[in-house]
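For reference, the structures are reproduced in the following blocks.
Look at the two complexes coming up: chain A is in both, with chain B in one and chain C in the other.
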Partner chain A sequence: MTDTTPSMAAPKPQADRRWIERYPFLPALGILLVLLALNGVFSPNSLSYRSLTGLISTYLALMMLAVAQTYVVYAGDIDLSAGAIVSLVNVVIVVTMERLGGGGGAVLAALGIGVLTGLACGLINGIVVAALRLQAIVATFATSIFFTGFALWVMPVAGTPAPALFWRTYGGKFLGLPFVFYVVIALAILLYVIARTRLALQLLAVGDDAQAAYQSGLPVVPIRIRGYILCGVFSALAAFCVTGDTASGDPLVGGKMTLFSVAAVVLGGTALSGGWGTVAGSLFGALTIGLINSLVFFIGTPSEWQNFVQGLAILIVLMAGILVGRRARA
Partner chain B sequence: MAKLSLRGVSKAYGATLALRRGDLEIEAGEVHVLLGANGSGKSTLCKIVAGSVRPDAGEVLIDGKRVTVSGPQAARALGIGIFYQELSLAAHRTVAENICLADLPVRRGGFVDRWALAERAGRYIAMFADVAGEGFGPDALVGNLRADQRQLVEIMKALASEAPVIIFDEPTSALDRAQVERFFEILRTLKSQRRGIIFISHRMDEITAIGDRATVMRDGETVATLDLKETTPAEMIRLMVSERSDLAAETVAPAVVAASGAAPALSVGNISGPGFRNVSFDVAPGEILGLGGLHGQGQSAVLRALFGAAKIRSGHVRIGGREIAAASPRSAIRGGFAYVSGDRGRDGVIQGRPILENATPIHYLKQRLLLARPNALRDKVMPALDSLRTKFATLAHPIGSLSGGNQQKIVIARWLIERPDVLLLDDPTKGIDLAAKTDLFTLIRQLAAEGMGIVLYSSEDAELLGNANRILVFNGGAVSRELTGADRTRYNLYQAAYEAA
Partner chain C sequence: MMGSVSLSSLYRQPLVVALALILLLLVIGNWLSPGFASGTQILRLLIVAALLGIVAAGQNIVILGGREGIDLSVGGIVSLSAIVAGNVMHGTDAAIFPAIAACLAVGAFFGLLNGLGVTLLRIPPLVMTLGMLGVLQGLLIVIRQGIPSGQAAPALSRFVTQPVLLGLPGIIWLWAAIGIAMAFLLRRTVFGHRIYAIGSNEHAAWMAGVPVRRMRISLFILSGMFAALAGVCLLGYSGSSFANVGEQYMLPSIIAVVFGGTSLAGGKGGYTGTMAGAVLLVILQGILTTVNIDESGRQMVFGATLLLLMLFYGRGRAMRA
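After this line comes the complex of A and B, so read on.
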């Protein structure tokens, strides 16, 4: 692993290269700003305070899920069940809130149960992948089916509404600022704190070279399990946002978010092979996907072409990110 | 009482015995050298002590108490630190993070104590501050460092374990003189702190400079433990070689080299690239040129570069007088090279595909075939497989159904349908049985007799001595000595391999 980098690499990297090494999310941030500008050109209204609030409250769930995915990708793993965990937590909290009567206490209790559900799902994934040593892609694909099945058992048909208190708070304002802004700020602080923990560093070291980490004396299996647990918890937070945004329970709501979360991680400059990346990049990656979707809408794409243009745009952005990163690192 | 002792430790991987019977005693306050040829079990022994390999039998004692080293983490807790020959660094982390990785300083709540981390790493970085070279610092990413600087990081990481017993498995292979001197000064300090040090190196001058005692290993067994003050290098080499093979290459007299007037089949002039420098040699048609020396001294790197799988930065390569600049294996094959690697899984076998497909990719490439009838291919393949006495059920069976030796025969057979001019053999007999080895070398000598130029690298010295007309001994990426005629003895081979680079 260490030998793949050319031994004659310049000992003193150029300035832009050092910047990218320090902040690997810079290309993602650049692309995000370009997309914002494009949105502004095609629909000046889309940069309004109101539209941006709408954008964030719609894509906050994907941001959370991208963060969740990032922690497992750090360690060179992947979680294809993240979306299924979102679905499961979504129906679990909606059903709990409904059963407990939909008051403030019920909401808080449901959120607690939701976090525990996500944590348990992460633990199961971690045990299956790290302790039982099954292939991460296939094993989490299998657990995703399992979690979806469980969600369908909890709520066989979509449509149970969430209590008004919950979604009014999520979509509402607080001291003049939209509630989601506070969530974003809290998320930023939380991510900053997690980035300084020993676990974050250990996850990256395991993803860099698992054999080397093991030989150095790191407890590789528990570290990978903790990564999955972190992923499960953030998937639960993503489910809270989905529930706030859609105001109802749907046992299949998260399914298609999984691969978007992986795409957001890659767009954010994190290496899928592990050992290299940032959560900030994943946030920008998730917003990039959101902006692409709104741009496709604003440039007036006919509805039957929207998927086509959306896919093409994601490909172009991926290429742009890789080109920028490669030039800076070459 | 010995600080650390191993008694009758053994380890087998499948059918191959990596370590037959390892015994070792380390006293507090000594630098104990482990000596032995390729594959004699040194690294396996070290990994058993460090917990990354579990022994099949035998016991490990620390301060006279029997212990079970269940893993690297347990080894650290027992007071054992290690420098891994293949390094154990995270390329995307900084130097400081790598040094402290195994035992990150944390504050309450699981947060990394960045200040303590910088302070602790700084202590070890300071030890090498003036010899580490440009671009080295606590915040540099390990992946951006030169090979010698990475090796220094691994040394610092081993030192940071502050363990009573530290193992250094070839810590100096990429270091320059000044860095080695500094490292030895540190080792002397550790000695004065009554710590036990295991040291592996293949430079005799380093061994005599720093070692107190030496344990010699041969064929996976501990042969003897010597006091280095009362031993000469010649004696150590003799012990590594074993008494019986002090004679010249006795097994078979290799074929005579073709008339010296003939143009060389392969001419390599002063090539340099990643892992080797200033390598020159000619191979006459019908000659088997051996590449010898310890593992990883550039032999494989040269062969892979000739085959276009790695870059040649300077120098020239000619086949039969034609200049070849192989940018890829594909162009090397068209130019007349063939390459057989001992790492079949990586370089040879097409897993899960039938034997017929595994025997014909070169035929497809050279004839630019798009479609072919299996029957026509069968007629081409069978003579090649028969000449190697390959055993298989039918050509349609997957290659995985064969033994390692027979798989390798299939891989070699693919080069025999259209004959190459030069055959590059990169440790071709790794992990195959004796009968298959004999068949292989019979064929190789026959090919040479028919005028092919052959370059053979083997990690088994007996194979080189028994088959090569000449042997170039590699040390640190360059040819350190050429052995011809009666000089081709095991003794000379080891002596050249262990010489200072």
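After this line comes the complex of A and C, so read on.
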């Protein structure tokens, strides 16, 4: 896709290495293409326009959440509350749409409130981790419990339906093309713009060496807070996709997505230690998880073995991605 | 150990902080619901804390070993071990020791895989153990299809829940023994000193002849075995195992370690604090379950209190030019 996050390291003489320096998501893209081909071999139908659209609309939420996670990982942080933010925004927008009557205006108002909710959650995470200097893993786990509690307060039990206008639009077509197609285009443009902003570069600089970034005059704490805010906003976008896909509110819907978002970021070639990576890679990483899941289904794995084979395949791909990425950078 | 510690630095000792907070929470708990700090209640909480504390022992040494050491797979190993134990013992006392041996072997095996991935392939521990967690969760589903959940042997249940010696259940004694063994291991053995060495400066430790890889692999093996042991005890506590019982230990075991004053950066801390951290966490949860508020309020208070408590412990350093 269209990511041009500048690589921090100096270019190496060898041509292939220079390519991977410039486009660190290439191994992820390679793995993705192999999986796509394998899917095609075992089920030719899976490469049809319809199936691919289905794949993207199912995994668009994870793609958004992987992007969200990427921005904090850029700065060497992590957000274990991303899934809880998805749950919270999901119930907030569903309840808002219901209260306001479910019309077009209600949907837009709900989406606005949803973005603000994600932003507020990100701000809280940022303050807790960057300003109060708590350790990111445990602090964002604590905020995830808080956000989940808040989501349960907004909607104690799952099941409130989203208005038909919302999920019909998300799952429907517009000018002959699936709506998710436009979402993907908009996302690509948005990510391209963000990658060219100063913030993306600053996050990478902080992740690469926070002390050096500080000494060269970067406001490290505000930058890390902005990273978490960006993460919160993209988590809200992920919640919109979840709501479009499930057409209802569920205060626990996002919980399981957090660790997958971390896995997608790593699959995409971004270093968890910070300072190196791309959002495009994370998008490929999220799709890789989706393709592994469908491939496991297509090769006829017995249903009780599917989760095991998926888990094993993801572990192997994670290791392969890290090894390839390291060789390329070495 | 604290002979020469001045009063002003006393409150910076994580163990002192944890013990003070435990006392404070007990007072608050007893005030909110009279009888909370009674002997039987505290004993009940200690049993739950022991389960968490045993998992946290393994987590503790992996974290002490540094290089972003962390073990997210412990939750999966606890669940798997509870199932294996239940099926090997099948409610018969005679099969308890074979069951424990089988579980420890399972825990050691997955710990070994984690350790090999982290050392030979140099996969970051977070990624390796996260991937392993996915594998374990899949494995649990496979096992659940084929076999029943199994049953705890009566003697095991008695050991965990009934008084054995001096009015205390066996698991408390087991936990105390683990606490003493860990303190001895970390302070008095070469192995223990090497954990701190690789945790504070891996390269220097390597230059000094510490077998860094073998050390790190052993830490993950030990973590797997502690988690497996906790799984056996958990089976004794609940009678039979159910799906993903262990998941509730994954992140709390890390929090117990942090509340015990061990730095996630490695090389600094110990297990005595972690034991206090586990008790602290369990008392907090105990208070929240006795207080009459609904689940949403309980979770919000729990999350906010965790953050508040974290402020008492090692915060990162501020940036200085």
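Some notes on this structure:
Assume the second predicted complex is superposed on the first by the 314 of 330 C-alpha atoms of A that agree within 3 Å, B and C clash if a C-alpha of one lies under 4 Å from a C-alpha of the other, contacts with A are read in each partner's own complex, and residues count from 1 in each chain.
The definition used in the following text is that contacts are C-beta pairs under 8 Å (C-beta built on N, C-alpha and C of every residue); 3 or more make two chains touch, one makes a residue touch a chain.
Here the structure is a predicted model, which is why all the values come from computation and not from measurement.
In the superposed model, A:Phe308 lies in contact with chain C only, and not with chain B.
Once the two complexes are overlaid on the shared chain, A:Ser273 sits against chain C while remaining clear of chain B.
By the document's definition of touching, neither partner reaches A:Ala239: not chain B, not chain C. Contacts of A:Val115 after superposition: neither chain B nor chain C is touched.
In the superposed model, A:Phe141 makes contact with chain C only, not with chain B. In the superposition on chain A, A:Tyr214 makes contact with both chain B and chain C.
With both complexes placed on chain A, chain A has more residues touched by C than by the other of chain B and chain C. On chain A, the patch touched by chain B and the patch touched by chain C overlap at residues 211, 214-215. By the touch rule above, chain C contacts chain A in their complex via residues 68, 70, 72, 117, 121-124, 126-128, 130-139, 141-142, 144-146, 251, 254-255, 258, 264, 294-304, 306-307, 310-311, 315-319, 321.
Of all residues in chain B, only 50, 52, 71-73, 75-76, 82, 84, 87-93, 97, 101-104, 106, 109-112, 114, 133-136, 141-147, 149-150, 157, 274 touch chain A in the complex they form.
Chain A makes touch with chain B in their complex at residues 1-2, 4-13, 21, 193, 196-199, 201-202, 204-205, 208-209, 211-219, 275-276. Partner chain C is touched in their complex by these residues of chain A: 80, 128, 132-135, 137-139, 141-153, 156, 210-211, 214-215, 220-221, 259, 262-263, 266, 272-273, 304-312, 314-315, 318-319, 322-323, 326.
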